[in-house]
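Taking it in order: structure first as structure tokens, then the write-up.
By letter and in written order, the chains are A, B, C, D and E; residue numbering begins at 1 in each of them.
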Amino acid sequence: MKARWARLARLQALQIVLILLFIVIVFSVLAPQAFLSGFNMRGIVVNTSILAVLGVGMTFVIVTGGIDLSVGSVLVLSGVLAAKSMAAAGGQGWGVALLGAVVACLTGLACGLVNGVLVARAKVPPLIVTLGTLGAALGIAQIITGGLDLRDAPEVLVDTIGFGNLVGQVPNLSVIALLVVALGIVLLHHTRFGLYTFAIGSNPEAGRRVGVKVDRHLIKVYALAGLLAGFAGILNLSFFQSTTIAGQSNTNLNVIAGVVIGGTSLFGGVGSVFGTVVGLFIPSTLQNGFVILGVQPFWQQVVVGAVLIAAVYVDQARRAAAQRGTSTRTSLLTQLGLRKESS
Amino acid sequence: SGGSGGGSGGAGAHRLAFVQGVAGDAFYITMDCAAQSAAKAAGATLTTQGGQKFDPTMQTPVLQSVVSSRPEAILIAPTDVSAMQKPIEQATQQGIKVVLVDTTLRDPSVAASAIASDNEGGGKAAFDAIKQLAPNGGKVLVVSVQPGVSTTDARAKGFQDAVKADPRYTDLGVQYSMNEPQKAAQIVTAALQKDPDIVGVFATNLFSAEGSATGVRQAGKQDQVKIVGFDAGPDQVKALRDGTVQALVAQQPGKIGEEGIKQALAALNNQPVTAKIQTGFTIVTRDNVDKPEGQSALYKSSC
Amino acid sequence: MKLLEARGLVREYGHVRALAGADFDVDAGEVVALIGDNGAGKSTVVKLLSGSESPDGGEIFFEGNRVRFGSPTDARELGIETVFQDLALAPHLDPVRNMYLGREIMRPGLLGRLGFMDNAAMRDGSRKAFDDLGATVLDLAGPIGSMSGGQRQGVAVARAAAWASKVIFLDEPTAALGVVQTRNVLDLIRRVRDNGIGVVFISHSMPHVLEVSDRVHVMRRGSRVASYRAADTTMEELVGAMTGALDGSNGAEK
Amino acid sequence: MKARWARLARLQALQIVLILLFIVIVFSVLAPQAFLSGFNMRGIVVNTSILAVLGVGMTFVIVTGGIDLSVGSVLVLSGVLAAKSMAAAGGQGWGVALLGAVVACLTGLACGLVNGVLVARAKVPPLIVTLGTLGAALGIAQIITGGLDLRDAPEVLVDTIGFGNLVGQVPNLSVIALLVVALGIVLLHHTRFGLYTFAIGSNPEAGRRVGVKVDRHLIKVYALAGLLAGFAGILNLSFFQSTTIAGQSNTNLNVIAGVVIGGTSLFGGVGSVFGTVVGLFIPSTLQNGFVILGVQPFWQQVVVGAVLIAAVYVDQARRAAAQRGTSTRTSLLTQLGLRKESS
Amino acid sequence: MKLLEARGLVREYGHVRALAGADFDVDAGEVVALIGDNGAGKSTVVKLLSGSESPDGGEIFFEGNRVRFGSPTDARELGIETVFQDLALAPHLDPVRNMYLGREIMRPGLLGRLGFMDNAAMRDGSRKAFDDLGATVLDLAGPIGSMSGGQRQGVAVARAAAWASKVIFLDEPTAALGVVQTRNVLDLIRRVRDNGIGVVFISHSMPHVLEVSDRVHVMRRGSRVASYRAADTTMEELVGAMTGALDGSNGAEK
């Protein structure tokens, strides 16, 4: 059974990988030298790494049927507090870098806990909770900094994490993100924690009745998303050497889009971390390829929008065909008064 | 990078790229137009890209993609003084010459040249305009985009410093429109409710000005409240002619673009470059907008 | 002292009074049938006594002690398991995951403490439980939401039967089951009873009720209106009590 | 039954009205002259009017269980095409204004139809479809204009619609929005069209099986949302005398937040237009009040975020109490494997 | 010529073969029972013949003509109504709205053409339909998702019975119903049959099947394995055929 389960998951994720591959091939043919160069590939991967860290947490949240709009702000606030504490500690070495990482993660964790408690215990809809904490976290970041970006990233962080390579063209930043993704995959798809995440998204009342501590688990899931946003905050600070206070206003939507492109349902119960990562690569690869091809900036938006819809359409169609649910793609799970499977 | 060395033998056929701070802004379009014609005159080609917002997290991937397409030199308006530092260094490590236009970096020495307007000076110029329009003094408000944008912050700071130096005027501080005209309108409406005697509003960018004008108009105080906007794109000029905005502080994007190309080509051809160039401002009002002095300061919407 | 007893349960939903002071009791090692017309309040009794909802009034006693169930977990910790009428399954999960949800078998040692589950053991356990019931679950890895009505009900019954140690509530457990599976469930009920567990069996099938139960509680409009020894009653009497044709609940044993 | 139905709906909406009233009262006490002035009230109402027009369409979409991220861009594109055609026609009179209105509405309708067809027929998740059309519509608007706002609103539009008053301090813009809202309320809560909208959100498969043309109805709902976005485009042009191309990036989220604050569930099947309107007034009233009270801008975000969560929390708690579903707020509808009612 | 006939129906879900060449037929004015073990494919037959899903193979004939159902609407237009096993109700809507969903009574005149419904007429119609069934729906204005299992099923049955003009499929229509309501549904089946409508009755209750039906089709593993006249068969024979104990489907009439 395990083999089957895994095979199914792989099958689902595979669809979207094929689409990403197709996009890569098209660009490679159109602009072989520029697009396929190590430098460019590295660029695409690096630029998607921080989003991937956020995407792992977002996948968990969305699998429970929730949503987290606050990730961008939490990232900023974590970066700000990390920068402040590193500046206070002073120095450019690993010690202060570690301090910053801890502060960022704790900040993110705290924000995530607030989200989780308000969603799970106060029963406020996740959209509202995280819209509120989005504003609040950003506001606090601005109050602390007076709205001016902080730039106090110690050199080791910038040189090693932000721009260092493990070997050759393999950036440390992406290696770290890959580790987070791998842990996320294991956690979601192979542990009890992940099982409960799916169960809550599938039918929270059923989970409650068989003794899953639904509230507590939801809090943990939002806390995890917050923690990862905090961790992304320190990565972001290392990469941009700036807290990018004003620069994260679309981060939440970009991450959510990646999650949904990757096949996770906004109604919960269905999803995969691997799909999310692929889903994040699709828009960033498109963007990169179109710049290389010299497509006008305005046209890029139009083309990216159209290709995005087309990609997800092809993915859906292939997936439906794989299930041989010929008449309705959603028939499978709507049988007993369930909702549309896909968002 | 090897290719660029080979290409630098002749003066022509240089491949240049321009990364705007944000796409579709009259300021950068004017800069682009001037740069394009300067490039053409020198026999070089210039491709232009830009992010959807003035935002380093958007500009970084665009720059990286542009670098991948291997131009010999890049003109770029960095959207953050430190965030763009490393990405631009990565471009120079690939053997690409970089010229900073409009905005700058923490350490501009990586670039062959940096050409910029002095935004704090622009803020000060805006206050001069308000002094002309409301000479009796009073309360003044700044409506800016959002915190953390170096250019608009510098404009606001220059303005506020100038206000503080003049006892006849009271600074009501900075409010942020988040680049939404509705929000700017709401802010100005509410601010007029709190301080009905505001005499001047300095709006640091287009939407702030637009929304501020709407708010003032809603309050029916067009005669009392003077609005000074920044930049001189067609939108701002129309607002000026319509009387919703009373003065504009115009930068010189054309000059920046032209200089940028000149410096880039000089760097590629191993000729001497000027490391730092500052450009000035023109205050455009209804009185001078149709005179040559005003006309030459206006931005273009297309080449 | 009864194993599980409730007195004067009240539960209102908005303006609908689902329970209006209902009594209930079940003893260890007996099968109590709970019957009544649609909407009489049977499932509501189950929800309150399994901790899945809280009463607006009335008292619950377990082994003589007053208890309050804050959550289903409280009831489960006392050994009370339930097959809900709506089955309470997670439709996107497979039958094995549903069978063990909340009771996962973990890997031994460190891996288990890290949250890794023993999937093989759970699969084998489920297979056995389903086979015991004769449940026709073919595809152990498909989402349960796509299975047939009877297959789903089979999983729910197998799950509850596996864990009950004191009381088991079966709210219309055979409604969707085939003939053979229904027989197996009736046998299971007797087997469980013989192990000393209190069984509460809700059904609209009077023959099954009379066949398997020791006592029968009849509910009407949110109250228990009568209670019989199964051996001493007839289908006609039960139907009369349910519909109110036989009013005054004269046949009640106590 | 009808009376009951209506009473229930009113009861639900009433909760959130009470919260809005509470907020108004607090500000009135803290800043009586400034806040309660007719001028200020008018300002709040006018600034919420355009959002309310968008909110009507968004409520329909969300009641079906969908989402529309493209409203802001569609508004911009409609305004751009209207401005272009009015400029081409020339003149400042009613004729050209009408032309503009028709062009804007048709543009919106066309965008809505594209959304609807992709959601209903191609089965692409609404989030992805409307994210795609968000980019595409904005891109087209920018290509047409070169990214520079157009200002060709004829004077009659600006003077009458944008800034005119019907009587006293009653702005025409808000009267128009009120009409749209009233039509929306009737359509959603009193006609078959609305009934089908709820039915699809409640259980699309059930609707399909009893012969509701689910696909066609979904297309109509997205088309309606597009049409209203187009109409909002001409209102926006009248009010700002500008197509505000870059100024609508948060419009979608603001409108969605209003809808959810108003008690509409993102899972579909539950909602009201009246609630949406109240839900839109809450953030704009808070914003206005805090500016009047002189709260620092950075603090405003924090406070608005916190008050937003608190308001929705109180609303939820009161509503739950009204239903006397004491143990779980959501027990009512989760009985048969249904999803969380709220959020 | 049969009223509704299917030959060699095939339907696969992923790797699960729900129907493997199943035949089916029903005539006007007769009650055909469709029986079989859990997962035998009964509900799948219903879904295909009501247009709710499309077959992967096989043919469907209505009054002798080959038909293809692209959607449930196609089947409904031919006068085929269905009570699905999962009921297919919209849980947030009240019983009246569910009863009339897709068949709303509009106001007369312009108002009706504008989309306004005659709520009073629909309420009265529902009340009458529920009363006929003896369905205990108390609260005509509450969401149906909050009603008891039997109440919900009552609404689904009343709805299908109201509109059927040629064929009615009843997929386990009495599974959740009380004793009285079950009797009423069996009476309703006879009444509908006597009006010349073809009735397809799916149930796991052999006594009910034998009581009400004219013919019995037995399904096993996705095929029809036997077909009997109800008058000529016994419970034992049926159970044997369902479980495969009696193999070779020797009792089949044709």
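Just so it is clear, a contact is a pair of C-beta atoms (placed from the backbone, for glycine too) under 8 Å apart; a residue touches a chain by one contact, two chains touch by 3 or more.
The structure displayed is predicted, hence computed values, not measured ones.
Undergrad: Report the pair of chains linked by the most C-beta pairs in contact.
TA: Max contact pairs: A-D.
Undergrad: Considering only mean CA positions as chain centres, point out the chain farthest from chain E.
TA: In terms of C-alpha centroids, the chain at the greatest distance from chain E is B.
Undergrad: Using mean Cα positions as chain centres, tell me which chain lies farthest from chain D.
TA: That would be chain C.
Undergrad: List the centre-to-centre spacing of chain C and chain D in whole Å, with centres computed as mean CA coordinates.
TA: The computed centroid separation for chain C versus chain D comes out at 46 Å.
Undergrad: Round to the nearest whole Å and give the separation of the Cα centres of chain A and chain B.
TA: Spacing between the chain centres: roughly 33 Å.
Undergrad: Rounded to a whole Å, what is the gap between the Cα centroids of chain B and chain C?
TA: Computed value for the inter-centroid distance: 72 Å.
Undergrad: Using the touch definition from the top, which residues of chain D touch two or more other chains?
TA: Within chain D, the residues that touch at least two other chains are 142, 147, 203, 205-206, 208, 249-250, 298, 328, 331-332, 335-338.
Undergrad: Could you pull out the residues of chain E that touch at least 2 other chains?
TA: 13-14, 52, 86-89, 91, 145-146, in rising order.
Undergrad: Touching two or more other chains, which residues of chain B qualify?
TA: 23-24, 147
Undergrad: Spell out the part of chain A that touches chain B in their complex, as residue ranges.
TA: Residue list for chain A touching chain B: 31, 33-35, 37, 39-40, 43-44, 46-47, 142, 145-149, 151, 158, 162-163, 239-242, 244-251, 284, 287-289, 291-292, 294, 297-298, 301.
Undergrad: Which residues of chain C touch chain E in the complex?
TA: Touch list, chain C to chain E: 13-16, 36-40, 43, 85-86, 135-139, 142, 146-151, 154, 172, 175-182, 204-206, 239, 242-243.
Undergrad: Okay, in this complex, where on chain D does chain E touch?
TA: 1-2, 4-5, 8, 187, 190-193, 195, 198-199, 201-203, 205-213, 269-270, 332-333, 335-336, 338
Undergrad: In the complex formed with chain A, which residues of chain D make contact?
TA: Interface residues on chain D, with respect to chain A: 65, 67, 69, 118, 122-129, 131-136, 138-140, 142-143, 147, 203-206, 208, 249-250, 253, 256-257, 260-261, 265-268, 296, 298-306, 308-309, 312-313, 316, 320, 328-331, 334-340, 342-343.
Undergrad: What does chain B use to touch chain D in their complex?
TA: 23-26, 29, 147, 174-176, 178-183, 185-187, 189-191, 193-194, 206-207, 210-211, 214, 217-219, 233-235, 238-239, 242, 244, 301-302
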